[in-house]
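Presented sequentially are two complexes of chain A, the first with chain B as partner and the second with chain C.
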Partner chain A sequence: MPNFLKRWESLLLIILVVVVVFNITQSPVFLRTENLINLFSLHIEKIIVALVMTLIIINGEIDLSVASVMGLAACLMATLYEQGTPMELAILVALGAGVLCGIFNGFWIAYIGLPSLAVTLAGLIGYRGIASMLVEDRSVTGFPEWFNALGQDALVGPLPLAMIVFFFLAVAVFIALHYSGYGRYIYFIGNNLEAARYSGVRVKRIKLSLFVVSSTIAAVAGILFAARLGAVRSSTAEGFELDIITMVLLGGVSIFGGKGTLGGVILSILIVLCLRNGMNLLSITGNTQSTVIGVLLILSVLIPNLTQVLQELSRRRQYVLQKE
Partner chain B sequence: MKKLFVGLLVLTLILAMGAASAQDVVVAEPGQEVNMILLPKFLGIAVFDEANQGAQEAHAELENPGTLEFLGPTAENSVAGQIEIVTTAASRDDIDAIMISNNAGDQLVPAVEAASEAGQAVVTWDSPIPSGAGEALFIAQVDFDETGRVMAEMARSILGEDGGSFAILSASPDAANQNAWIAALLEVLEEPEYENLVLLDTVYGNDQTEESYNQALALVDQYPEMELIMAPTSVGITAAAKAMQDEGLCDTVKVSGLGLPSEMIEFTLNGCAPEFALWSFVDLGYVTYYATYLLATGAMEAEEGVTFEAGRMGEYTIEADPTREEGLRIVMGPFSVYNIDNIEEAVGGAMEEMEATATPGS
Partner chain C sequence: MQKKPILALEHISKNFPGVKALDDVSFSLRAGEVHALLGENGAGKSTLIKIMTGIYRQDIGRILLNGEEIHLHSSAHAQRYGIAAIYQEPMVFPDLNVAENIFIGHTDQGLVVNWGGMYKKAEEILSTLGVSLDVRSQTRGLTLAAQQMVEIAKAISQDVRVLIMDEPTASLSAHEVEQLFALVRVLRDKGVAILFISHRMEEIFQIADHVTIFRDGKRISSYAIEEVQQERLIQDMVGRELEAMFVRDFRAHGDQVLSVRHLSKEGVFDDITFDLHEGEILGFAGLVGARRTDVGLALFGIEPADGGEILLRGKPVHIQSPAHALELKIAYVTEDRRQLGLSLSMSVIANLSLPQLGKYLNLLGLIRRKHEIETAERYRQQLNIRTPSLWQEAGKLSGGNQQKVVLSKWLNTDPQVLILDEPTRGIDVGAKAEVHQIINDLAGKGIAIILISSDLPEVMGMSDRILVMREGRQMGIFKRAGTSREQIISAAMGMAEGEAGA
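Up next is the complex of A and B:
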């Protein structure tokens, strides 16, 4: 399998190079610092969450509730601030709510053994429901200047806060996944849950910790999103979970767990962002854009599976031939 | 000699007056290259296509060698999509102006400010930036206060002298135009002559047909006493009228609001929506284009009191927008109220007009 993974990432790298070269030749604006910052900024909250989603999917689970947790954190913060809570405290409470969502998800999945698809689907609906109860059909704005500046202005050099968060988190996830015992256990559990359990891996604790990290980072992303837009409504970040999962799967992470690298996911993030940015620069928007991304995802699921089926077929044929 | 002198004096005066008025009214000089983007709330809605048609008409009329692109997000991605399109457009050198029907409320402010700072002319139409930040000018379709009054009058004419209860089915909670009209309607309802009109609830169908349809039915379930649904959106009004028609409720619950005659004709003729109002979106796109062209070519500054000529639509004067704390606007107007007496003519006329403008424009 490592051979195949290598090939998948090389394929991604080739696609990325093609997209980037295409963008450079088609638009003089593409390589400008301002545009490159925009390229990341416009989707920064999604790609922050995608980093942790990579760990969850490699672990053989899924977290569909991330976008709703983003919305809930943003709405809770906005409501508290509106009612007179200092912004700093409102942010802390919103982050705390993120942690609680993660504990709730993780408890049912790790300790009761319910499928994560069902639990986090309930979370997707339920957390969004709470967000809608808090903000209803309004749009909350008028946050303090410093808060909006955190989302909109450059903090270090040309980089806004969210991009710095992304880079640090990417390094942390990379080390955790590829250079620590924790990461080896994540792969082990994703490959073979039963074997991991009988080998004494603390499966429950690892699964719980992953869901807590996922929801907490989602809450951070939700607050960053609120700061970037300077406004919050109950539908904030609605539907983001699909974009996030798309990027992770396109990165070569198997939806059945155990396979995939962070490098692959980073490449796929870059492909999706460059593709979208390039299409926007060329005035390709709306449904055409969605279709292109959709086709890319179908291919990303199809190609590895096709390879697997072909490999399986050739193995069987060899087996039959040997018997004869 | 004296006669000649008087004659000369009069002639000079006339010439002077002519020169003065020519200076006061800014007129577009055709043939200048301006690359423009027309950004609707999202793609796939008839009224926005009509606005595009009007803008294309002006584009051809002014012989602009540049491009006019009609770009928009998909409906379910409207807010994030608008932010993405404006942010990207702001970094493009080849774009000189962008005309926005804002569906993202003040969430669009950082993006439009970036566009303005990049030297692009930012004009809003149909729905403005609520805070007015980053926007040069707003092309209002009608006076927003008048919209409230027209809706109140239609409600009274449908519900009769005794009044009754009604609910509002709006677009999205962030749509600045709908919110302003609803606020204006609520103000009119304060007046004593409208006191027997009772507003039960305001719900949002987000300008999606299915969502609006379901919201309309939910209103019927929730408020048995409701006699009228007022929908200040062309998507909401047709969805509500269809819902009442499908459920056979048109005798008890009427539908009114703002709608396109071509989409509403069947509901007006069968009595589900006896009366509704609208302005021409073709004209709105046309006027928006003229104003934006003048701003982008530097022929006009967006300042209070400036008067300009917008082709076949005549002259407009920029004024402070009384419906917002900050911001400048022009008001296009007027309102047309449609009912069984005039809708067939309106739909027929519109068809002819569309055919007439489509041929030379394309």
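Up next is the complex of A and C:
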């Protein structure tokens, strides 16, 4: 097998091309600018968070609380605004709450050593609980014009603010992960935490910082989501964490940490978005869409392991042949 | 009266890549005898046990049980033949109670557990052993000694005929050792053959009927205990083979770098005191469980000490983390190269620059690749690291080359104190000589080196002075000149006090 094909990213690229070609042949609308913008916009908050989730999972951890932090930030902002706080200040406080959530998660995980699965599961429930206490079963609307415009109107050319945030963040995460010392540490910790510690890497600080970044970006995404919808409920962004983690894993990032690239995650994001968009254009229901994505995810976990098993088998065969 | 052997091993050999672990070993155990096995680390004792319990298979040779050849393919299989082993760390299931642990291997009892019967039988077994334990209590709360009793009871319940005890006393108190020995005698009188391994000479004279000495994978000698002296055993363990050649240029030492005063960590080591100078190599000798690595880990901040003082160039320091040790220019090359020394799936170059990565970052935190490559290339040439490329996964290199990457990564931190923990373990002879040459050069450059090694010729050939430890205590510091291997071994086994200080 040529080396090129051994890479997960190559496989993703092929899948993406197939999906795009299929979409083009099935629907003339697909390539129109409005459709492409729409394709991104419908899930833009999730894919913003997925960028940082990539770092967390490569680091060998997981953050299940992101969607609840999105909801909490939106609800906190909405409640404060309702009670007369200026919108700008309400946004700042909501972002601050995101930072605090990150510190809280990161403290238990990095400094106390609890598993991130448990801590952020508690966060998932707890932060959503606070959001529900704030807004109860109301739907908060009536935000200032400029705020709704920020979420709904094009800011630069045809691009709304959220997409600009996504592109800048993608570039920043790409550089951080693949060209900076921080990214190098993330890979080492995800690969072998103890070996990193024995090499003098400040493992705790890096883990804490990652969870702070994750929750802060989630808060940003939550506010962007509120602006796009123009309304906030306690259930805002509920269940998003699973879509986000799905995109990251489909991108070839190992759930055990240490492996994966941002390029893979971007490709998988594009595949998921194009698939959903294509199925929308064909009027396929959401449930069927989810099933298709689910099958893709299973394959994404299966295939890399399958190639590993095959490689191992051929290695053993060679070994036996050598011995003979 | 000579009893008939229960278990006989005939002409057993076992090779691992690059190592002859056992070389034509014949050995037998008789019913109702306690047979002690003696040997330095790496003499082949563990391999022998693993073959007897079906964990390894011998390359050549036969195992006979009551005169019939058997082929063991797992430890469960060996247990069915009545061969069981217990280790220093008991392997009980902490959440199960005593009776459940005793009968855990019994899968032939049908689907429903007869609890009443099980408790009763467990009590019976324990009472024949003269042990009083509540069979319904969880094993989690039991002392190590009591857990061992449970393991022995488990072996009895499986009709044990050969019981292997691998350093069972290493973590027990004197009183508990007495209890264990009483139990061993009960078993012996029941006709069980017992293979007993210990590094404590006095225990061997206390409990064993016979003793066999291993060295370098060979069986050297066997004696009945009443007809042999300690000195003889030690001589046989150490051997008289030619000293290997070690490159070491002895020079005058520079200033004092490190001074360790009464360093202690509760339950681990106690009252360790030494000085270390520029260009000096201080060897740490001792047997398994001597806690030498723990002293290294304390100096590197992985498991900080809780008592005593560490002075670095005369200033007291409290080393709390590896990152802190690194700032103080203390480096530690771990004995566990594959798990802790390297990230095997990361590249050679990334591993090499990791501890000093901060030095390779520009103002934006981005890695200056060119600078990083220059450094890696320099070490590749200096230490002769054989790798197809700097971007090769570290795990794909040979053991010797991996070790050179580890050494490079720490040399690149420009250490003033370098702690080497078993730096030549698991690497081939050629690479070993290269590593010795590197260590010598480093001392020549004025680095103060602590060399922890279980390879006695190595530690004696390379060191200026040798600190001997035994079970967490410092037995003495010996000058290289005029110290014999027998003296070091005796100290390591707790038989004589060396001259303290130096």
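The criterion applied here is as follows: the second predicted complex is superposed on the first by the 305 of 324 C-alpha atoms of A that agree within 3 Å, B and C clash if a C-alpha of one lies under 4 Å from a C-alpha of the other, contacts with A are read in each partner's own complex, and residues count from 1 in each chain.
One rule holds for everything that comes next: a residue touches a chain if its C-beta (ideal position, glycine included) is under 8 Å from a C-beta of that chain, and two chains touch if they have at least 3 such contacts.
Predicted model, so just to flag it, every value in this text is computed and none were measured.
After superposition on chain A, the partners chain B and chain C are accommodated together without colliding.
Once chain A of one complex is fitted onto chain A of the other, the partner contacts of A:188 are limited to chain C, with no touch recorded for chain B. In the superposed pair of complexes, A:107 makes contact with neither chain B nor chain C.
In the superposed model, A:32 makes contact with chain B only, not with chain C.
Among chain B and chain C, the chain that touches a larger number of residues in chain A is B. Of the two partner chains placed around the shared chain by superposition, neither chain B nor chain C is touched by A:22. Rounded to the nearest 10, the superposed model shows the Cα centres of chain B and chain C diverging by 140 degrees about the centre of chain A.
In the superposed model, A:174 makes contact with neither chain B nor chain C.
In the superposition on chain A, contact of A:283 is made with chain B only, not with chain C.
Least inter-chain distance for chain B and chain C in the combined superposition, rounded to the nearest angstrom, is 36, based on C-alpha atoms. Shared interface residues of chain A, touching chain B in one complex and chain C in the other, do not exist. Touching chain A in their complex are the following residues of chain B: 37, 42-43, 69, 71-74, 76-77, 79, 81, 83-85, 87-89, 91-93, 104-107, 109-110, 173-174, 202-204. Every residue of chain C that touches chain A in the complex is listed here, in rising order: 302, 321-323, 325-326, 332, 334, 339-346, 350, 354-355, 357-358, 360-361, 364-367, 409, 413.
Put simply, chain A touches chain C in their complex at residues 175-176, 179-182, 184-185, 187-188, 191-192, 194-202, 258-259.
Listed in rising order, the residues of chain A touching chain B in the complex are 27-29, 32, 34-35, 38, 41-42, 137-139, 141, 152, 228-231, 233, 235, 239, 276-277, 280-281, 283, 285-287, 290.
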